[in-house]
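In what follows, chain A forms one complex with chain B and a second complex with chain C.
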Partner chain A sequence: MTEEQSLLSRVHPGWWVLGALLIVYPWIATDFFTYQIGGYTLILGLIALSLMILAGYGGMVSLAQITVAGIAAYAIPIFGENSVDVLGLGWPGWVLYPFAIFVAALFSTLVGLISVRTEGIYTIMITLAIAVSFFFFARQNYAFFNGFQGFSGVDAPRFWGVYWRDPTPFYYLCLAASAFFFAAVAYGANSTFGLTLQAIRDNPRRMSALGYNVIAHRVYAFFLAGIVAGTAGVLLVLFNGRVSPGTIGVDIAIDILVIAVVGGLRHPIGPFVGALAFVLLENFAIDLIDRERFNTVIGLAFLLVVFFSPDGLIGLWQKAAARFQRPSLDRASPTSASETSDKLAKADNS
Partner chain B sequence: MKTKSKFLVSSALALMLSTGGALAEDIKMGAIAVLEGAFAVLGEDSMRGVEMALEEFGYSAGGKSIELITQSSDASPDSAVRGARKLVEQDGVQILVGPLSGSEGIAIKDYSKTQPDVTFLNGVSGAQDTTLRDPSDNFFRFNTEGAQWMAGLGEYAYNDKGYRSMAVVAEDYSFPYTQVFGFLEPFCRLGGSAPQDARFYVPIGNKDYSSVIAALPDDVDAIYVALGGADAVNFLTQYEQAGGDLPLVAGSITVDQTVLGSKGRVRDFVVGTPSAGPISDTWDDERWASFVAKYKEMFPDGFPSPSLFAHGYYINTKAALLALDEVGGDLSDGGAAMREVLTSLEFETPTGMVKLDERRQAIGSIFLTEVTEGADGNLVNKTISVTENVNQTLGVDYEEFLKYGAVSRENPVCE
Partner chain C sequence: MNSLRRNPVASAAWLLFAVVLVWLIFAIWPEWLIDILGRKKTFVTTLLNGLTLAGLYFLVASGFTLVFGLMRNVNLAHGSMYLLGGYIGWEVAEATGSWIFGAAVAFFALAIVGVLLQLVVFQRMQGDDLRQTLVTIGISIVAADLMLAVWSGTTYQYQPPEVLFGATELPIISAVRSNGTEVFLKYPTYRLTVLFVAIAVGVALWLFLNRTKLGMMVRAGVDDREMLAATGVNVNLVFACVFAIGAGLAGFAGVIGGTALSIAPGEDIRYLLASLVVVIVGGMGSVSGAAIGALLIGLAEQFGLAYFPTYGVVLTFLIMIGVLAVRPQGIMGS
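The block that comes next holds the complex of A and B.
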């Protein structure tokens, strides 16, 4: 049996079914469900995935992930094309998109360098401070970020005869990026680096004593998470066709945290599940209840999820699965030494 | 038994089909406003305006009944476009009323270009560029915008108050820029000045104005303040406590009920402050009085008097309903006939006649007001004068007006 075969055979059949469903989804869904529900869910899922990499595997909760995505989103109109007569250097797409993602990853590395020496609540506070200061900087700087107005008129690329903002192509673009990073995270979690990062999360002092460079591993995790968030940022600016300080506000940073926590930080599918719940509620809660109360519905739904399942929506799924004695879906979930849910830990280790 | 259930199923099916048919006849109207965050109270009042117009028409126009679907945004352009997209592409609305905030309006205008079969009417958003530059064929704005709202105030400050030099304190986003532009443009043309280093732009929600107050120059005649709600109260309180004594000139949402209703010395301090805007609470006119009476009757829990937000959404919704009446509710051509009617529509609003210019921007009445003490001791905005037919280019030619440049912190230069 070759290495590749064994890798594929280790994938639970449930994932193939899910993958097939996601591929046929645009054929059965309306344009609105393809673009605004499907595409936007995958974009938010990717940003939350970058947070999940840091928080789930590295134990570092960063509120600056939307800022990292925002850097990439701002890089597109600044170095590419926009309609507001500020900068817009007109770089070609094949340079522009990788460059935007790279700049975001560099920024994420910088955030990492600043924040990795802190723990817990202090990491949250430092990254929150970075997010807030970048938000105000973008809002008040007119030379680079065009202040409050931001940039509009960002066009999506056209190649192979396809306009990539049309609902179906855009959805597949998001799906391809999400599937790639999802698989990369699921695989990477069991790589040497992934396991080292999780060991550092559980006991940094011991890992340090064993000779591992704790800081370098954490900063590298920030770099990798930056690539994921940066890619999501590029998709986000293509999705909206615009970017302004409102795109990267503190409320959005909190939304990303909510998505990651509600989805579940124990498996890379969690952020996408959380994003789906968030997008559906954001769009349809107002139809369920009187419009002055719909935010209460959103809040209550999330409160209930976190109250009944500290591991979020995937935690509920795993509890149900464990009850039926099915083999666990979560090979890629972070193996945990100190989690309260020892039932899940058993499932992981089996 | 079996035949009975068959009958039930078929009749239920027939019922569903017939209601389906009736629903297809209905007209779906969407309304979007900010119902979350700092502007939520204003968004709620906006929705009251929509409901007032619909109630006035008994939720039907041109023989079709109208279904209202509402949506919230959080004042960011992204969320406004997402909300609009949901209403148009998911709920299938044929007419959309909104949004509330300036930058949202520009974003929805851009979005409207991708939906040529849907008719968009502005809510109350007041950014200039929504209709001035690169307008959209199916986006209509029956309310006047931020620069128009200042009509007459610059002249009043220069001629009647005798001010020659002004400092500016405003929030740092597009709506106050538009207001500053609308005020300073005539003021400076008359010979007034507003030095760049005496203009202070603060973030929305700023609490501490001590640095601004300390930096205010002594050699100006008055301060032009374009702050809204709590920001205005905070600035005025702190300026008064710091011993400030310069007279004020106010933007359209600065001296509203939140300021006038407050206690303490701020009250005396703001007496005599002139302002201008699309409505005046105290306008002694039958049309306005009946609008206020209707508002109070429908919404006992609302504001003491309808805000300019309710007023703007009301006018735009009413315009849509009047046009629908005109075309007999027929939108089968993708609303083209209705938009044709809207283009030349002229009608009576609670604040006088309104009509559109060639870029589908309202030409309407603007009220010049001044804060005075009412008979019962409460502060009110007394109506000084009404300027009718204020257009977007403030009386000059369109091409000429474009040369003034886009609104910004520094426009007009006015040294």
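The block that comes next holds the complex of A and C.
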């Protein structure tokens, strides 16, 4: 008990405030803000979080995370129910949802097995190739994935007298999943596995010489990231009520990378910050510019962040906080931007 | 000869394979073979289609692999360069009425774009490959959107020059009619030209890399960048040259591919993916690897389309996984 209390007391009070704000959010926000903004942000944030686990802690930038989420999303109508006359095996929810997540995690492990023998930029290319190949496969295959159309009519579960697609319950569902995985990642980063993974990111050869199984650690990281992405995929298909090859297209894969990088790969809150910025831009940039040119705005924002703040929005925040704190305390933010890019560069070059 | 002595079994297998292939192409097929493989015309046409596609893939991927080999920079905007080259070439060809002039302008315009990219973007983040990669992704997002704004979503189709129009009769007998006359196979002249252009570009690249002073510097740069700089060579100039050639080839391929197939939004990603798979299979940074990878992928794609249409794409993917499992650095990678 005391250990747990000390663990909780180590959490910065700012997080409690943020948590409380997120919990009361649906009471003050409209349904649109709760569902389309809140829910969608958390889902995208979760997918980007799975990328952040791999890229931030493992130094492996995988563009196949949306594909992993897509596997879980496809598993729901395939093994559950859909309104298209293809498959729909009608499994009960308590088997279906864990199974979908598990299949996604297995797929992620497979992606890991294929790509971990390569390093840095090679990983990006191979995972991109996997993502696009699966996109084409799902689009061509009518027996399992119903081709171009995909599946529609995916219904959310009803239990405890709640219909889980109603904005507020759905938001809480996403929030619970996000909070759980956020806490798990924040805690796991300092676990033995988390620290080993980061050490492997910084110098795989040395870790290998020390007797660590580099490949096994990386593949396991892919498995864990697959659970996160799979959960997000299940939420995504419940959110949309449908899934099609467009859900897992290469543009979406790149959006996820943009979200993770813009948010920042140094801290698990980064992906959620990036997702919030992305969703807000996506919904409200129409008022400022032509809807058609949304990608230009997103691309330019991404370029600006990559050019000027390699740590993303989180990096900007930490820099600002460090400058603000410096006069009183000499406890500046532990990682500066240049340090991180050095580390990332090292992780690639070695 | 050396490899023959070292590897007699493999050499014999390759020789046998080549003989069987030549026989398949030139012989008149007996009935039992038609029962297994279908009509001969389908087979040979698919083979030629695969070779042409491989030629096109080689044109795109050789620039990609050249840039990577020297600068360790994965230029994920390479597909955008292909598409931009296609559009520019189309505009010029429409305005001047000369297809060849369009292709030349596409090459030089994209070469200039490549040099600008190298000077403005990549020189600033030398050695920071992850950031370079991310920047090229950002550029490709913006470029795709701006090209959509300028050229809209319509599909553009080129008119190839008069000479290349129509079909050529090949000295290959596709079937024998019941009255004994032999039917010769016809194949579009333009596609044959694509194949020859790709071979010519491949030979030119080989000569450039192996027989010129600049090529020597490039090869030295691939092996050891710092050492090359230390010998007094202006490495940045070499980089800019290579980037110009790589980007120019992508733009040129845009015109070639736009004539053989068509130019439309989304082609950038298609050719980026093709280049990625080709160089992953062939080995990053190796031009001969790009040729081998392009052959494998082009043939696999076309045979997949012809013989098991639904899963053609998956075949490509399986080749990639197979190669990665055995040789993670690619067939010709070091």
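Annotations
Going forward, the second predicted complex is superposed on the first by the 319 of 350 C-alpha atoms of A that agree within 3 Å, B and C clash if a C-alpha of one lies under 4 Å from a C-alpha of the other, contacts with A are read in each partner's own complex, and residues count from 1 in each chain.
Convention: a residue touches a chain if its C-beta (ideal position, glycine included) is under 8 Å from a C-beta of that chain, and two chains touch if they have at least 3 such contacts.
Predicted, not measured: the structure shown is a model, and the values here were computed from it.
Residue contacts after overlaying the shared chain place A:250 against chain C, while chain B stays out of touching range. In the superposed model, A:286 makes contact with chain B only, not with chain C. By the touch criterion defined above, A:136 lies against chain B and chain C together after alignment on the C-alpha atoms of chain A. Once chain A of one complex is fitted onto chain A of the other, the partner contacts of A:168 are absent, as it touches neither chain B nor chain C. Contacts of A:295 after superposition on the shared chain: both chain B and chain C are touched.
In the superposition on chain A, no contact is made by A:190 with either chain B or chain C.
The larger set of touched chain A residues comes from C, when the choice is between chain B and chain C.
The interface of chain A with chain B overlaps its interface with chain C at residues 136, 140, 142, 292, 294-295. Contact residues of chain B toward chain A in the complex are 35-37, 44, 47, 69-72, 74-79, 81-82, 85-86, 89-90, 103, 106-107, 110, 172-174, 203, 408-409.
Residues of chain A touching chain B in their complex: 30-33, 35-36, 40, 136, 139-140, 142, 147-150, 152-153, 240-242, 244, 246-247, 249, 251, 282-283, 286-287, 291-292, 294-295. Touching chain A in their complex are the following residues of chain C: 72, 74, 76, 127-131, 133-135, 137-139, 141-142, 144-146, 148-149, 269, 273, 276-277, 280, 284, 310-314, 316-317, 320-321, 324-325, 328. Residues 61, 114, 117-118, 120-122, 124-126, 128-130, 132-133, 136-137, 140-142, 250, 254, 257-258, 261, 292-296, 298-300, 302-303, 306-307, 310, 341, 344-345, 348-349 of chain A are the ones touching chain C in the complex.
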